[in-house]
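Listed below are the structures to be examined.
Across the two complexes that follow, chain A remains constant while its partner is chain B and subsequently chain C.
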Partner chain A sequence: MPFGQLLIEGLAMGACYGLFGLAVVIIYKTSEVVNFAAGDMAMFSTFVSFHVLTVYGAPFWVSFLAALAFAALLGVFIEFFFLRPAKNPSLLGLIVITIGTQLLLAGVASWKWGAEQQAFSIPFSYQVTYEIMPGFVISQWAIAVFIIAALIMAFLYFFFKHTKLGTAMRATQQNKHAAKIMGIKTNRVFAFAWAFSSVIGVTAAVLLSARTILDPQFMMEPFLRAFAAAVLGGLMSIPGVLIGGGIMGLIENFFGYAWPTWKPITAFVVIVLVLCIRPAGLFGKHYVKKV
Partner chain B sequence: MDMKRSYYEDIELFGSGTVLFWAIILLAGLLAAPFFATQYHVYLFNLILVHIIVAVGLNILVGSTGQIALGHGGFFAIGAFVTVLLMTKLQLPFFVALLGSAFIAAFFGFLLGLPALRLEGPYLAIATLAFGLAIMHIIGHMELFGGRTGLSAPPLDIGIPQLGFSWVLHSQVSKYYLILAITVGMVLFAINILKTKAGRAFVAIRDSEIAAEVIGINLAVYKTLAFAVSAFYAGIAGGLYAFVLGFFDPFTFNLILSVIFLVMVVVGGLGSVMGAIAGATLITYLMYDLFKNVGEVPVVGDLLVSFSRQWLTVSGIDNFNLIALGLVMIGIIIFEPLGIFGAWIRVKKYWKTWPF
Partner chain C sequence: MKMKRILTALAVPLLALFLLADTGFAQRERGFDDKEIRIGQWGPQTGPAAPWGAVARGSKLVFDMVNEKGGIHGRQIRYFIRDDQYNPSQTMAGVRELVDRRGVLAFVGGVGTAPGMAVQSYLRQNEIIWVGVCSGAEAFQDNPWQWNMWPSYFDDGSLLAKFAVENKGYKKIALFYQNDDWGMDAMKGINRRLKEHNMELVAAVPVEPIERDLSSQIARLQSSGAEAIIGIVAPTQAAIALRTAVSVGFQPQWLHSYNLCDFALMNHITDGLWAREGVITSAFTDDPNADTPLMNSYREAVKKLAPEERWGIFYMAGIVVAEPLVHALEKAGPDLSTAALRDALDSIADFKGIGPRITWSKESHRPPRELQIWQCGPNGETIVVQDWIENELSME
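Right after this comes the complex of A and B.
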């Protein structure tokens, strides 16, 4: 495969990982919960979209909107029923809850849709390609990924800087109790963050589903890569995640081309190396704990 | 109520005559169990005992030292594969191979402990998770480890065949007694290690790293030691697991197995050896027996089958296992964060102060 194509493909995959990493970061930023269920929440919503598309025969855009709505509800549901009732959970407790949610969703999805592997076709094919420069071939899918990632980034920037809700989210992240005193309903902010993250997650998952077969495990590996991207970016910084995602996609594509056998574990090796050298990620601020 | 009045009272293995009495009853029950159980149940007991070893070891790391570990499936896999390879390729006797593989697992635990010195919280969870997955992939891709097809365990010979003394354990029942002996030893070792200098250092690190450092505990030494000890336990358990299963492939040791190990410790109650044992027993029974064959459970099973026929797919009923595990994980944190051990303490206190 030529260099140009590897580069563009890597960047496009990276943008997907970055988008998906955003889903993790938004929750971590507001509530300091590491959401291990992000992958399966997105997978579940993608299956809802698939279900609407095939069983009810709706057009793609309708099914996609249905998935977005479902994802938002799912996010609120999980926050309200699984995280809110836990009283002062420890970090380990939160991790156990989110992994439990992940297994729960994976179980239900495989029970319902796991029997056979399905193909989910989205309107952006990665077989339709355009040659923008000699050696640089870009597929329709990659164009869609770049545009959607840019739109979401721009929206997030605007949202966190210039809206009341975005400011409330940042305030909640900095100090939950102070935010409460200022009249912010922090519980509502958390619920919103979950819904928001779930919606971004399903967008990334639908884009990624064009590249693989749709089965209940299809988000597992992308989720881990996205997580790696988020950790690389520092779990707190939104531009950091997208850059981390880009780096992740490029590393994976070039390594995967050179040593296909070891492609699945490059992500983990990168995470461990980065964490050893810079424990707070490339763009994270290393906070000093007060005694 | 449970006040300790002297140092020797604190380091006693059995707190009172009652505890000693029930421990002896339990041991006698365990020794007699195979006479009343079917072949399948003995296999299940073996699985439970192996999981108890892992849970007790993981509890030293997660419960006592306060480090989050999501990669114990990796150490478990190292134990299983290395034991079998040492026995088949190097012709080592069983006990040497088992100890060797456990020490190799402990060495990997030490290596994983090194980045853990700089990481905490979510970052440590990711790093250990990555470790577990990486081990699974590496083993799955190397011909030495049998690749994707895996390995089958040789006959379990606990003698030294080279010296003409061989004692082969064929049945699950004879393996049960071997595993029971090792499990009891490992559990006693764990109870005692928590009462030594190292064990107290672990607890101090969990409660406050900075305070521990101030009173002169070397964080680097004790954190990596906790990882190594815990990996040693998983290595021993993995070596025994290989012989319980007889045949295993790398995908046996997936992420869900690591999660199940963590759940055992959390459900049992963090920081308590008895809790880890109870958690391992309960979760193994639920995951490998009750929920695995949920369709055959009376009443509930029929309901679930008809429900899944109407709304879901019939063949997918095996996934009930995952759903149940997820619900247990969420439920335990919401309703009983201290686990079985916490519930036990509450019951005990209630009856000790009854009727007040």
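Right after this comes the complex of A and C.
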């Protein structure tokens, strides 16, 4: 068994899942809504980067910044125009709105950029590899994934613990009405959460597309994996999601190596098992609301 | 007396309905008149499978060229494309409309196994001629109203394995396949061929069409020690597999199915790795850049009649399926009828357009069993490494 290769590749893909899982968790943390459009929001913003890169011939970093800016706007736009107008929304109603948004984005992307696959290259090439020790080959791409994931996680940890806005976001999630009474503009908090989530989502999607391929469906499968990682780690815990992603990547790779036919269902078996045994996830705390 | 009046009142609309239905039927039976012959095709022009929509537009080029030269025995070809978005229920709706309202004489091509299966029994019941469904599935082989062009996946697997063993001398061959009928049919062909050489696959690793992380599959292929890997997968999985393999320093010889012989597309989505790694594929057309009178005439016609189209392999596939139909319409002569066209198709022998050589008979409408083998050159060009070769092995 090529242990080193499975370990590195598993962790790198897992870090991408974890990173993307964070995008799901940030919205969940503020509003308890599971955003099913997260995958296609990230896909759409990645296409914007691709568009700026290929049509306008801009350097990668410019296109990436453009995508980040677009992603933030897209997040705010969806929150403002799709979710906020919902009258007396139930949680389920809001989730259904995110599913509708996902279909809309997928349709528009296919119409604008076509269904043909595209290659999307970033400066960290998967073709440049280093053998750190016998059997352990790591590509530039994987190194970039580890560094970016670590940086974003550190930032988020600091943000939610030590900034006013982060505290406001947590407060909004725990009790929207109390937060409002305390002077928090909860609507702004929601809009910010959507923007923030969208920005992290596109970062993960750009990393994933550089390794796989870019087409309007390319985030469907990673979204499911990321969602599984988030459930595994605990939908409330930032480090938990990243660790959940890592575990997910490793389980998939080692299981997939041993039993290739069963690989596609591993993620779902993990979700079911976790929900049965530890519904709040490995690192999540289960809040019990008092009536 | 009252009863009689009621009956008369009922009889008039019933009679009218009957007469109308009869005209509809007569129209459907013919599918042509003195001025035009009506032909239809479905294919995804929009939606996720839209790249395959080029097939239907490729056939249009052939019909446009025919019309430009004055048609067939004085009749112009009127060609209808229906966009089904690769959704079988939409295929059915489009096909019904073309059969019932437009009254087509024949269908040509039609992308995909699932859409084709959805309309197969309807077309058969209505006795509509159908030439060259774009699927190698066995389910299409025993329909007396279907004439097949698309090479079977069994033959594809067998010929790829033959090339790997006999021309390249590989001893350790692995298979990377899509986990469905397509992959399984090809695997049968590969195993059949390897048995001839007393060999076995060193590994057979499945993949689902939705999967995007292929690291574990590649790790397994790598640890099998394979020198060559036969791939029976979609373009997305082939591209990701190649990228993943390169990222861990694994560089076997890849041999892929004919569905991936669009080197321009594959090179584009693999950052040029397709050319750098010299990927080999089977192919069901002549070299797209061949300097032959027929190929040149098509390339010139595209520039003139459809300048927005890319000269890609799916577009050429549309030409390949339309050629024998046009040939049969010419053979059927000025006294056209469904029966005459059917006889003409049944008597096609050794017909060669830009696809494989076709022979059909009353007894067999099976597709040709020959393919070419191509290699992607360093600049993305097509190198024909094996001219048309027929699979001599049968499934049993």
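Basically, the second predicted complex is superposed on the first by the 286 of 291 C-alpha atoms of A that agree within 3 Å, B and C clash if a C-alpha of one lies under 4 Å from a C-alpha of the other, contacts with A are read in each partner's own complex, and residues count from 1 in each chain.
Throughout what follows, contacts are C-beta pairs under 8 Å (C-beta built on N, C-alpha and C of every residue); 3 or more make two chains touch, one makes a residue touch a chain.
All figures in this text were calculated on a predicted structure; none of them were measured in a lab.
In the superposition on chain A, A:I97 makes contact with chain B only, not with chain C. Within the superposed three-chain model, A:D215 lies in touch with chain C and out of touch with chain B [touch as defined at top]. Judged by the touch definition given at the top, the superposed model places A:V137 against chain C, while chain B stays out of reach.
Of the two partner chains placed around the shared chain by superposition, chain B and chain C are both touched by A:G114.
By the touch criterion stated above, A:T261 is placed in contact with chain B and with chain C alike.
When the two complexes are overlaid on their common chain A, residue A:S31 makes contact with neither chain B nor chain C. Residues 110-111, 114-115, 261, 264 of chain A lie at the contact with chain B in one complex and at the contact with chain C in the other. Chain A contributes residues 28, 34, 82, 85-87, 89-97, 99-108, 110-115, 224, 227-228, 231, 235, 261-262, 264-265, 267-269, 271-272, 275-276, 279, 291 to its touches with chain B in the complex.
Looking at the complex, you find that chain B touches chain A at residues 62, 68, 70, 114-115, 118-119, 121-123, 125-127, 129-131, 133-134, 137-138, 141, 210, 256, 259, 262-263, 266, 270, 308, 311-313, 315-317, 319-330, 332-334, 337. The touching residues of chain A, counted against chain C in their complex, run 1-2, 5-6, 9-10, 13, 110-111, 114-119, 121, 126-127, 129, 131, 137, 139, 141-142, 208, 211-213, 215-218, 220-222, 225, 249, 252-257, 260-261, 263-264.
By the touch criterion given at the top, residues 46-51, 179, 205-208, 210-213, 215-217, 219-220, 222-223, 235-236, 239-240, 243-244, 246-249, 265, 268-271, 273 of chain C touch chain A in their complex.
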